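Once you've had a glance at the structure underneath, I'll fire off some questions.
Order of writing sets the labels: A, B, C and D. Residues in every chain begin at 1.
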Amino acid sequence: MIKAGIIGSTGYAGQELVRLLLGHPEAEIVWYGSRSYIGKKYDQVFGNLFEIVDAACMDDNMEELAQRADVIFTATPQGLCASLVNEDILSKVKIIDLSADFRIKDVSVYEKWYGIEHKAPSFIEEAVYGLCEINREKIRNCRLVANPGCYTTCSILTLYPLVKEGVIDPDSIIIDAKSGTSGAGRGAKVNNLYCEVNENIKAYGVATHRHTPEIEEQLGYACGREIVLNFTPHLVPMNRGILVTAYGNLTGDYTDAQIRAIYQKYYGKERFVRVLEEGIAPETRWVEGSNYTDVNFRIDPRTKRVIAMGALDNLVKGAAGQAVQNMNLVFGLPEETGLKQPPMFP
Amino acid sequence: MIKAGIIGSTGYAGQELVRLLLGHPEAEIVWYGSRSYIGKKYDQVFGNLFEIVDAACMDDNMEELAQRADVIFTATPQGLCASLVNEDILSKVKIIDLSADFRIKDVSVYEKWYGIEHKAPSFIEEAVYGLCEINREKIRNCRLVANPGCYTTCSILTLYPLVKEGVIDPDSIIIDAKSGTSGAGRGAKVNNLYCEVNENIKAYGVATHRHTPEIEEQLGYACGREIVLNFTPHLVPMNRGILVTAYGNLTGDYTDAQIRAIYQKYYGKERFVRVLEEGIAPETRWVEGSNYTDVNFRIDPRTKRVIAMGALDNLVKGAAGQAVQNMNLVFGLPEETGLKQPPMFP
Amino acid sequence: MIKAGIIGSTGYAGQELVRLLLGHPEAEIVWYGSRSYIGKKYDQVFGNLFEIVDAACMDDNMEELAQRADVIFTATPQGLCASLVNEDILSKVKIIDLSADFRIKDVSVYEKWYGIEHKAPSFIEEAVYGLCEINREKIRNCRLVANPGCYTTCSILTLYPLVKEGVIDPDSIIIDAKSGTSGAGRGAKVNNLYCEVNENIKAYGVATHRHTPEIEEQLGYACGREIVLNFTPHLVPMNRGILVTAYGNLTGDYTDAQIRAIYQKYYGKERFVRVLEEGIAPETRWVEGSNYTDVNFRIDPRTKRVIAMGALDNLVKGAAGQAVQNMNLVFGLPEETGLKQPPMFP
Amino acid sequence: MIKAGIIGSTGYAGQELVRLLLGHPEAEIVWYGSRSYIGKKYDQVFGNLFEIVDAACMDDNMEELAQRADVIFTATPQGLCASLVNEDILSKVKIIDLSADFRIKDVSVYEKWYGIEHKAPSFIEEAVYGLCEINREKIRNCRLVANPGCYTTCSILTLYPLVKEGVIDPDSIIIDAKSGTSGAGRGAKVNNLYCEVNENIKAYGVATHRHTPEIEEQLGYACGREIVLNFTPHLVPMNRGILVTAYGNLTGDYTDAQIRAIYQKYYGKERFVRVLEEGIAPETRWVEGSNYTDVNFRIDPRTKRVIAMGALDNLVKGAAGQAVQNMNLVFGLPEETGLKQPPMFP
């Protein structure tokens, strides 16, 4: 059994990690970290786990955690993981960081977009960007996984085949993304109150959202050069789910079949990416609670653009599920271990 | 492997049954019945099951089904199961009926409340009311299980210990229930459109809802005499979940500890009924997607009443989950097989 | 023009008061009070009022306010109004208090249920309970109006005719109430976050909610003696609306027509109480945004109880609308002035 | 008083028209048309109007309606208005058509996108496209107003200044739109059931939605040539509201102040278009129930694009409110008559 510790277990992503690891046949949770709820029983924070989890929340003692655990998940605000990691820790335990600390290779880009100093830049090089479908081989046996952002995962998986194969002009990419509210976290803020979110949709972080450079970096690798693109997130009155609608100028006269073949080339054998049938648009309801990303596209012959779409559950494939998928890779387990549950509808 | 056939697999309860059986280690689905979608691929009706279910919907051929399956689930409107069952069928296959056809022992009561003629009254006696926590022994090895209604399961589990032990006067019982909208089914009706249900709460079927006699019959068994009670269902703008708030006049000066001990007596060892800690009111969010029923109570010393509360997921413990639990009992499997997933939040 | 000042104008009820007064032909707002947002432009707190309100939030300066205004609305937490009121203030300005400070005549009951000391008990006697349909005459020309609670208004209007006319046994009353989330206020609390409220229903304040003694006092006046009853509020995932489902034991063999006549006797001429037609249950969607309360009832001949139901918009008839209705009465205007807008659906 | 008849008064837009006209000081409704509910009392279809509207639904008798009414609103499916209009009718009564029949000047474009034959092409030339802020002068005194689509109104108002002034390259325009569910109509379809829409977001009509040519035509007039663009609508789990997020390549080095001045040039004096302050993104909650369109923009210097955003209530400015605004123009009333109510929040 893999012994797992979670730092930040009382956020939405942390709790989802708990839910998934409880159903994982090869893992057990040995540490429920939560600075906000130290000493409180975990099932008093999350009543769904009453009579299921019998543990109290613990402080973030990295040294002790590294002794007890085989893997540490950090589901914490930016900066915390970087402040905790060091060679001694990494020699004892694997780290899967759900924050942005190790996602961006250029530390100056990180510091500019996040507005904080990076406390452990020397480990950025070593960290592997944990988008399993693309970096699978690098993830195996690595020590430090930078688990991708929710918007990022959806955006990249939606566009990767198109960019990699040169189907669209990378400079023309526009990503319009929509997210459920669990992505905003469990902090008590007026803007996230029920009556403020319900019956409303808005864009936020327009032209400034922090997932932008992460998407640009990864898609840049795919096309072999630096790119800039537009990314606009929106807040949707629902608990879970991200939908990406992305636009790109076609570089030639592609048919639907040709582009479909390209998607199949990359995702045909992927367990967790489903290329939908022609004419079916991805919907967040069909992936809820699961690790799937659904993708599809439509060519607009009038404008010579392609509209590519992707949907995932921001707490699963967009956070905790992908973290477990990464854990499976790191520890040599079948990638789908503990992640087989079908999406739940309605 | 238990071979399972589902008649009515394209309603919300039918689809939930599919979801649960797909995760069941000892069962496989051999028949996706749906009169409305004959010949259509199941994953085109429910996109969540794309690349998971590779089968088309089939007509209701009971003879053939009885040949192919070990157990048939009927998740259909009232009357259908009664019209299909006969000795030949029951000699070949177990039936778990999610409709009301075999729940009520007095056929005249059934016909009065449901307004239809019962087509197979001779099997009512044999049928076992499938409320697992109460009728566990009778369910084992029976041929025909009458799977309880969603409101009924929640109401009975909430009140059973109080009625059984004479803590409340049965004639004083008032049950005020609230349900998510999946309970209203997947039929296309104006009243169930998004804009009609959203931002609204209403009572319906006031003093006339069909689950009333079912609750009365079962609680009547608990106290050893016929009773009448008030049951008022409400429609709540959410997908899943039932909350029951029930009121009863105390028959004596009970303390919280005394009543808590009574609940523990009945549910202390139950896997799927959680008696919450003092002061914690059940909430539907904490049971969503799971087979749990959460119950608790509060004494009001001012009025000498007890307010008992229960919450469950109407599609799981209120329908498909309990059906699987019944299947496990009938086939001698551990009761929780395939039902271990924790509730999903948020 | 009546000059109105609002203390607590940045809560949900305060903002609703602003919306209603902006449409009132005989009133103007001269003071947008808000301790939390002093100096901030009001339309930056509530973007709906951009280009409509051009004022900044002000501190609670009661002296100055009394100089400038003809009426002060206090839409504030319990205790504040009582701490501000005195003879000098009341000699200059009318006060309509949306908090509970002057609703309960017995100061010890107030202090017990609210857990705070009452700072101005000498004015309790003078204050008029502002349930317009019942206390209309007393409200005219009074100086201090205790605007009723949201649950209270709905509960009393639903039950008043039955209690007043002795149709039900007051000792048997059970009120099961359901409220939209705006009733929980605009404070930043985890429990009121979107993801905590959405897809959930729960009871809260079971047997202890503070509106209980207020309902008991007023219904006690109706039947001429002290009563105790059960009141259970529930939180519903919607913005606005309260639904009350109330149960009472019939004192005789009433017909539907007889009870309907009793409701008509009290409400037949009321502008803001609609007695629905037989068989139509009140729904919150039909009163949203308006000052209406819809009521109806159903006799259950099996249990000899009546189920009485009422629906209102908690921010309008349950708070700001009734406050305006009270202002109209106090200043001798037609009661419906500024309150004529039909409910908005969907 | 203007006598108004409504054909299609029992759809969501029709009912909203009723709500608005009931509050209009210079208009009265003389005909509640509804083929689906002939003879049924209007307040039994929409309970919000109980005791407010005392009329029954009537069939579509255009001759009689033209005798009785000064203006006819057709809130009907495409094709119906075109089949009813003729010179005789237009000589007696003004028509404001909320369907698409007279919006598109090129009948072949209409027939291609809508897939139906146009029954009255001879009146297309005469019809005035009723986007009040742009065609105000033409609307006054015209006989036949083509009331714009909901998505169209929001898209055009958001982009018009940018296109008109050449700030963006028209060939680069991408419009990503999000709508509440009332836009899908009140027909009973499985796809619009509560449980199908709730907790979900999806794109639909990708590259094929019928509002596309309408937007292209109107923006084409603004820039003086034919254009094609991408328009992608999405369905959002909320009742009301449309949000448009539009992208365009800047044609030069514009500053925020320069573009803001351009928006002010066109909308600075408009009653119903609010140019928000810098940094504030439009949100549908701030316009709900009102005739406002909120617009704003943000320059992305990295990609040299502008992101323009607009929000309106699809049933008000996107349908019934704009229809009333058009009526006011046609009949020479102040444009805001009956449309002054502030947005309702929450």
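Everything below uses one rule, namely that contacts are C-beta pairs under 8 Å (C-beta built on N, C-alpha and C of every residue); 3 or more make two chains touch, one makes a residue touch a chain.
For clarity, every value in this text was computed on a predicted model and none was experimentally measured.
J.: Select, from A-D and A-B, the pair of chains that is joined by more C-beta pairs in contact.
T.: Of A-D and A-B, more C-beta pairs in contact link A-D.
J.: Please identify which of A-B, A-C or B-C repeats the interface of C-D; the criterion is that more than half of the contact pairs agree.
T.: Matching pair: A-B.
J.: Just give me the whole-number Å value for how far the CA centre of chain A lies from that of chain D.
T.: 38
J.: Please compute the C-alpha centroid of chain B, do the same for chain D, then give the distance between them in whole Å.
T.: Centres of chain B and chain D (C-alpha means) sit 46 Å apart.
J.: Can you compute the centre-to-centre distance for chain A and chain B, using the mean CA position of each chain? Integer Å is fine.
T.: 36
J.: Show the residues in chain A shared as contacts by 2 or more other chains, in ascending order.
T.: 12, 182, 195-196, 198-199, 237-240, 283, 285, 288, 346
J.: Across the complex, what residues on chain A touch chain C?
T.: By the definition above, chain A touches chain C via 12, 181-182, 184, 186-190, 192-199, 237-239.
J.: For chain A, which residues are in contact with chain D within the complex?
T.: 174, 176, 178, 180, 195-196, 198-204, 206-207, 228-230, 232, 234, 236-241, 243, 245, 247, 281-285, 288, 298-300, 302-303, 305, 307, 309, 311, 346
J.: Touching chain C in the complex: which residues of chain D?
T.: 12, 15, 19, 22-23, 46-52, 182, 199, 239-240, 274, 276, 280, 283, 285-290, 294, 340-346
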